[in-house]
Amino acid sequence: MECSFYVPAWPQGIGVETIARDNDQLVEDLIQRFRSVRALTIDLCARLSDADATVQSMEDASPAKWHLAHTTWFWESFILRDHVPGYRAFDGGYAFLFNSYYEAEGDRHARPRRGMITRPSLDEVRDYRAHVDTRIEEAIPALPEAALPLIELGLNHEQQHQELLLTDIKHLFAQNPLCPAIWPCSDGGAAHANIRDITWIEGPSGISEIGHDGRGFGFDCEGPRHEVLLKPFALADRTVTNGEWLQFMEDGGYGEARHWLSDGWDWVREEKITSPLYWEQGPDGGWDVFGLDGLSPLDTAQPVSHISLFEADAYASWASAQWEGARLPTEAEWEVSAANVAPDSGHQLDEAGPIAPVATTGGKLSGMFGNVWEWTGSAYRPYPGFRPAPGAVGEYNGKFMSGQFVLKGGSCATPRGHCRASYRNFFYPHQRWQFSGVRLARDI
Amino acid sequence: MECSFYVPAWPQGIGVETIARDNDQLVEDLIQRFRSVRALTIDLCARLSDADATVQSMEDASPAKWHLAHTTWFWESFILRDHVPGYRAFDGGYAFLFNSYYEAEGDRHARPRRGMITRPSLDEVRDYRAHVDTRIEEAIPALPEAALPLIELGLNHEQQHQELLLTDIKHLFAQNPLCPAIWPCSDGGAAHANIRDITWIEGPSGISEIGHDGRGFGFDCEGPRHEVLLKPFALADRTVTNGEWLQFMEDGGYGEARHWLSDGWDWVREEKITSPLYWEQGPDGGWDVFGLDGLSPLDTAQPVSHISLFEADAYASWASAQWEGARLPTEAEWEVSAANVAPDSGHQLDEAGPIAPVATTGGKLSGMFGNVWEWTGSAYRPYPGFRPAPGAVGEYNGKFMSGQFVLKGGSCATPRGHCRASYRNFFYPHQRWQFSGVRLARDI
Amino acid sequence: MECSFYVPAWPQGIGVETIARDNDQLVEDLIQRFRSVRALTIDLCARLSDADATVQSMEDASPAKWHLAHTTWFWESFILRDHVPGYRAFDGGYAFLFNSYYEAEGDRHARPRRGMITRPSLDEVRDYRAHVDTRIEEAIPALPEAALPLIELGLNHEQQHQELLLTDIKHLFAQNPLCPAIWPCSDGGAAHANIRDITWIEGPSGISEIGHDGRGFGFDCEGPRHEVLLKPFALADRTVTNGEWLQFMEDGGYGEARHWLSDGWDWVREEKITSPLYWEQGPDGGWDVFGLDGLSPLDTAQPVSHISLFEADAYASWASAQWEGARLPTEAEWEVSAANVAPDSGHQLDEAGPIAPVATTGGKLSGMFGNVWEWTGSAYRPYPGFRPAPGAVGEYNGKFMSGQFVLKGGSCATPRGHCRASYRNFFYPHQRWQFSGVRLARDI
Amino acid sequence: MECSFYVPAWPQGIGVETIARDNDQLVEDLIQRFRSVRALTIDLCARLSDADATVQSMEDASPAKWHLAHTTWFWESFILRDHVPGYRAFDGGYAFLFNSYYEAEGDRHARPRRGMITRPSLDEVRDYRAHVDTRIEEAIPALPEAALPLIELGLNHEQQHQELLLTDIKHLFAQNPLCPAIWPCSDGGAAHANIRDITWIEGPSGISEIGHDGRGFGFDCEGPRHEVLLKPFALADRTVTNGEWLQFMEDGGYGEARHWLSDGWDWVREEKITSPLYWEQGPDGGWDVFGLDGLSPLDTAQPVSHISLFEADAYASWASAQWEGARLPTEAEWEVSAANVAPDSGHQLDEAGPIAPVATTGGKLSGMFGNVWEWTGSAYRPYPGFRPAPGAVGEYNGKFMSGQFVLKGGSCATPRGHCRASYRNFFYPHQRWQFSGVRLARDI
């Protein structure tokens, strides 16, 4: 998902509850939430060196320093600059360096060149953050009511970047042949629950509603809420595990054209893909997996992650030999199935550390939120009635609505509080540096 | 749309009425239809030289000779080889050269190298056709009943290639700076009907059915027929005209990022796109259009064609200033609206000649079939319950179901008899060498 | 070698003997030579179909039709248009299509698009040739004396294209999986002379002269003639054979980095080069070679051809294990060694047919002219005192003087009469679709 | 120039005077030189942050940290590991990360990925250097005599990397839109000497010797020393200035195909080259130049630098309107002209700081050493008798001998003591991130 949340598009989007100006408690809560969210971003980067935070490992990723500064630029511009009289920019050049907005309009080479910015340093960017944080906290109590929803937007924007920050850092560290660990190895030593075979959980068919209902924050692309008509279906109680994925590999899954979408088959062959991202085969044939805590032996009970839509789809095709008609769920099937699951449940990001998916026991619909984003078979396209804000200058989520697929549910790197059933994450079918996995579905 | 109709996938697809072996009239009719379809293919190439029929103008296109031979290879393989005892191949090497099937399995360089095959010559390929045609006509009366549906499949396959043949030839001739005409200029001299402004035609909302109903021939991806739930909507009575497109261009449509999908904006800038394909601006600023009859002045009353999904979508965005909420129709909206329109009506391919779209009068839903394929906003994805045939070796339509959009209705180059409301044509959003246009839709 | 012979550069180049206007015999001889050269070009294409003559197999190559028309355009422009009052162009569009001159100035995409020109047809181009030939023969007796050197230039230009025509056709036919033959297989059945091991022939060291001496025709880059200072050296009596090359291959030559120039090693690995161009290994491990007469078993006695400079250089490195200090000859070493060899001797192009190198017996310096072009270790750079003609508009041979290496001596596809010791052919070090081979040298 | 100095190739190269083991003064001098050279490397990086030292700005460049570590790896491997019994590697992983040697054999993707190595940090690399330096200084007095030449090789290797370090850093900082300065702006305020027009200095024609004579250190490619035969020529007394280059630009030099080598013209158009590297045109049309001290106004009196061979050659072509026959000097012309110039004279690198070329007064042959590397028109090819060491494993300078041109003399970034007349620097004709300039030559 691109960072693409620009102020003009937002007010037309999904509702944000108005914060009454006379409610001191709400204001205080907002300040606390601001502090907490901003602090987590800093915590996530606490173990990064100046160099770690500067290098860009691929065009799709951004340096940690850029995430730190860009989110800060958002607060500085849309709160301090626009709503605090007399505020002067911390540094005049930062808006150019850390503003994703101008990129679309201007020089297309900017994005892949983000890793060239060795100065300002990580410490200077931290100073920038601290400066802006102080000023925001001072400003909140006196902000005009109309500006308060921007705080909500800024917090959600920051949370999105927290997840990207983790996945971008992981991608960078994976380029280093020494496989450095950011955090000490998490204890994976406990005996793993035996993973039982898939149980199929029937979902609600017929007419249901999906999409954001306007209560609480949502991005514009999540609405309007609308009815969908579903045929009888079931979802797997859990996502596919590393162990099951190994069977797919050992059965030659990556080498059989018939399982693959045509574009996926091209991708597999051109990129010589033979396993999920971050898997490395040792000289003895065993598999290790690179994570934020370095290289560890593959845990077969964990959900498979870092797979592309192409891989998820090929797996479903392969699995249909066992489960007739196995396929990816549609976005609507997933969303109606998740309607009664608490979005802040599950394995989500609470604090900095060696984030990784965990095994789930299954049996009932488990792991819907958190753990791994779940690829759906739904193209990321507008909902009926979706309309870019009239008169909006520039960008909106709708501009990304070609060629991408929807993922649902959130991952172990999604900050708790950021998930909801209507959330529409989206990536191109070949991308896989997010914690992306797959839950099977089938007609019944 | 790729040519991708392989025998194994077909019987699981959409029903084909069985031809009773004891019905002489039906057999005779089938032979007549075979003759007529095969003859049209030859007619379409009648004015081509050996060189015209050999060169491949881009990777997406195939040489005319390849189309001529590949369709013949289909008949030779799946009827003569499989169902006529003792048949020996016309030429042992042709299966390798003209068989799209093996490509997916084998050497991926084959497709872009189709234009390297200067031998066999066009005349030799015509001989190949004549030989196979004679043998097929002899064989039909004695074919086993199970083989007769293959005739139906072969005819539809051939018709698909007739359209590609025309659009591929057009693309090739457009590369020649001398702008050669294949057919003499059609009489475009008659006064054109004034094109009236768009009238909006309300379509059927609520629950409707789309997809192939199993009566008559259909490709596997058209089914299963299923219910869809539609919100109130209207379609424009006609597709966008060249004159309207000129207004879009003159209003700077190709230069404003806000109208474009993000991938579309990249495409416009990288490819320096400033008009539909085949438009050329003269020194006086006027526009000419290249066609199968050479270069002619732009006819503002004609439907715009040879536009990409990106352009169609940008146009809708631009047009929403005039028609609030203007957008592309979904596939389902288009199909339910077309339910009562005769699929063999409209401007479709009846005989060889300088094929081009024609102006339609509008006022009621006009030009739904024929004239130009109409981009929808629907990604080409499987219908609920769609399933590749179990045990099918190789290819099926489903393999193309990522990254492409659906077009509906057929064009002036679609052979009459080939269209139906459930037909799902599909191309990548940047492709535009087909006769592709756009009909606006909106919520009501 | 690019076709790059533009009139303005030529008169400053190397001398052409003036044809006295009152010498009827010389004029008659000139007409005869014109006829003979022009006829050979047509003969070389006699077995080509319209399609054969139209397709372009790679960017480096041109279609046969282009060669036929481009050489004719030269005569039409620089003789008929410039020196025959009242001449009107055969077809106004041809100058644009077949004029390599405007390309450099204008659209850089033109060259790779030469294969898109299906019309005019091969027959029309033949008519164009016939028309121009008639008019040239009529015109020669009355041409102004100043124009006569242009005839000489035109003949040499045509001869260059004769060689390119053959190598470009060969490259095209090699793309066809059916390996079609243009000419019937030549008789290779005779027992081959045993190839003896290399004999080293000492060349003249000290100060010698190289470069064109101004007598007879030469291209500008061949001069000025100048002194060079050579250390004692020897050349191999013959070029490397296919049999010797097989030993290099079997000894792992293509897989050992130490033998290769750094750029060459990149090329070998990126292009997956494992043998000379046109070699194909059969299922039994034996080698066939594709030629103008189709596929034939490798003749180990023949000179190796279709190798790149990179391969030639790697071979010399490998061979230095046997012949200490083995290396490529310099251009000067080759040229002074060839000083007393008749340039019209050897296996050169006399008539159309299945051109291929032939085994030479060796023992003395053999095969210097004809058979295969011999890579030298000399970069193609200007001779001391070389200077592009002052005031010359546009192009001259000097513009190609970066990154290319010199080849000497001519090949079996070089028209007899076109070779001379000072001739400087040049190609990039990876190119190998010419009949290019290698003769070793060493210090003594 | 690639870093390509491997031990096995060196002893066969150019002579190094043996250091007698019993000469304490020489040993002490060697230690002093070692200390001084190693200290300069550290000084050059003193102002770099961890991020500055880690990022790789393009494939041709390496991160500063890599230079620091790679040069240290050289000392650790070829002195400590090979000649100090019991030495254990500082860190086992460093050899893999910082060893250019294995790259050629192994994974070709390693070089462009050097910028991904965020760990070890700059400080850890400095520790590595300090550790190795201490051990080397301890070891030198007891080293076997055979090892002492390796010290000489290591010092020269280190000096090469000092220059690359500066030019790579400059390139990196130039990517930052904020144009950060590494050192404070040098005082360029003094009134500049008026630059007089070129004076032509005749060089020694006839037979001369060039190449390394075996006294003192030299790289293998500099020998053998050999005779060359030169025609009368003259060199310009000084290199071309920025002011003269501006005239070339203002006269349309970058837009006229006739001045350019064919490959150069392609490069100019594809890369949209319109000025030397690091020149930036302000909104007022004036030119600034980026340097190690940030952005400064163009100094017209300074030598032009950061030009490619293509640009140098085009300039000479353009200048021939004024100076008939102006061209680039050959390597031999340059070297014989420099025979009596002290190689340690001129503007060379003595200490860390904002290195930049300076204006020279001219009148006599000035600026031959230091200031800017001078492109020659000579391809980088082996000297007569050059031979890679028999039995040498792997790499040697000769492997780069295709496609590159020789530069002579050294630059303001070349450490004083590293230059000599026989030094052969080489780069591809499009490369220009070194301090490369041009001195004209002509025949007389």
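By letter and in written order, the chains are A, B, C and D; residue numbering begins at 1 in each of them.
To be clear about the criterion, a residue touches a chain if its C-beta (ideal position, glycine included) is under 8 Å from a C-beta of that chain, and two chains touch if they have at least 3 such contacts.
In this text, all values refer to a predicted model and were calculated from it rather than measured experimentally.
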item: Identity of the chain that, by mean CA position, is farthest from chain A; value: C
item: Centroid spacing, where centroids are CA-atom means, of chain A and chain D in whole angstrom; value: 47
item: Inter-centroid spacing, chain D versus chain B (mean Cα positions, whole Å); value: 60
item: Sites on chain C at which at least two other chains make contact; value: none
item: All pairs of touching chains, each written as two labels joined by a dash; value: A-B, A-D, B-C, C-D
item: Residues of chain A that touch chain D when the two form their complex; value: 49-55, 57, 65, 93, 96-97, 113, 115-119, 121-122, 172-173, 175-178, 180
item: List of chain B residues in touch with chain A within their complex; value: 2, 104-105, 108, 207, 226-231, 257-258, 260-266, 269, 309-310, 313, 317, 320, 324-325, 327, 330, 377-379, 381-382, 384-385, 387-388, 390, 392-394, 399-403, 405, 429, 443
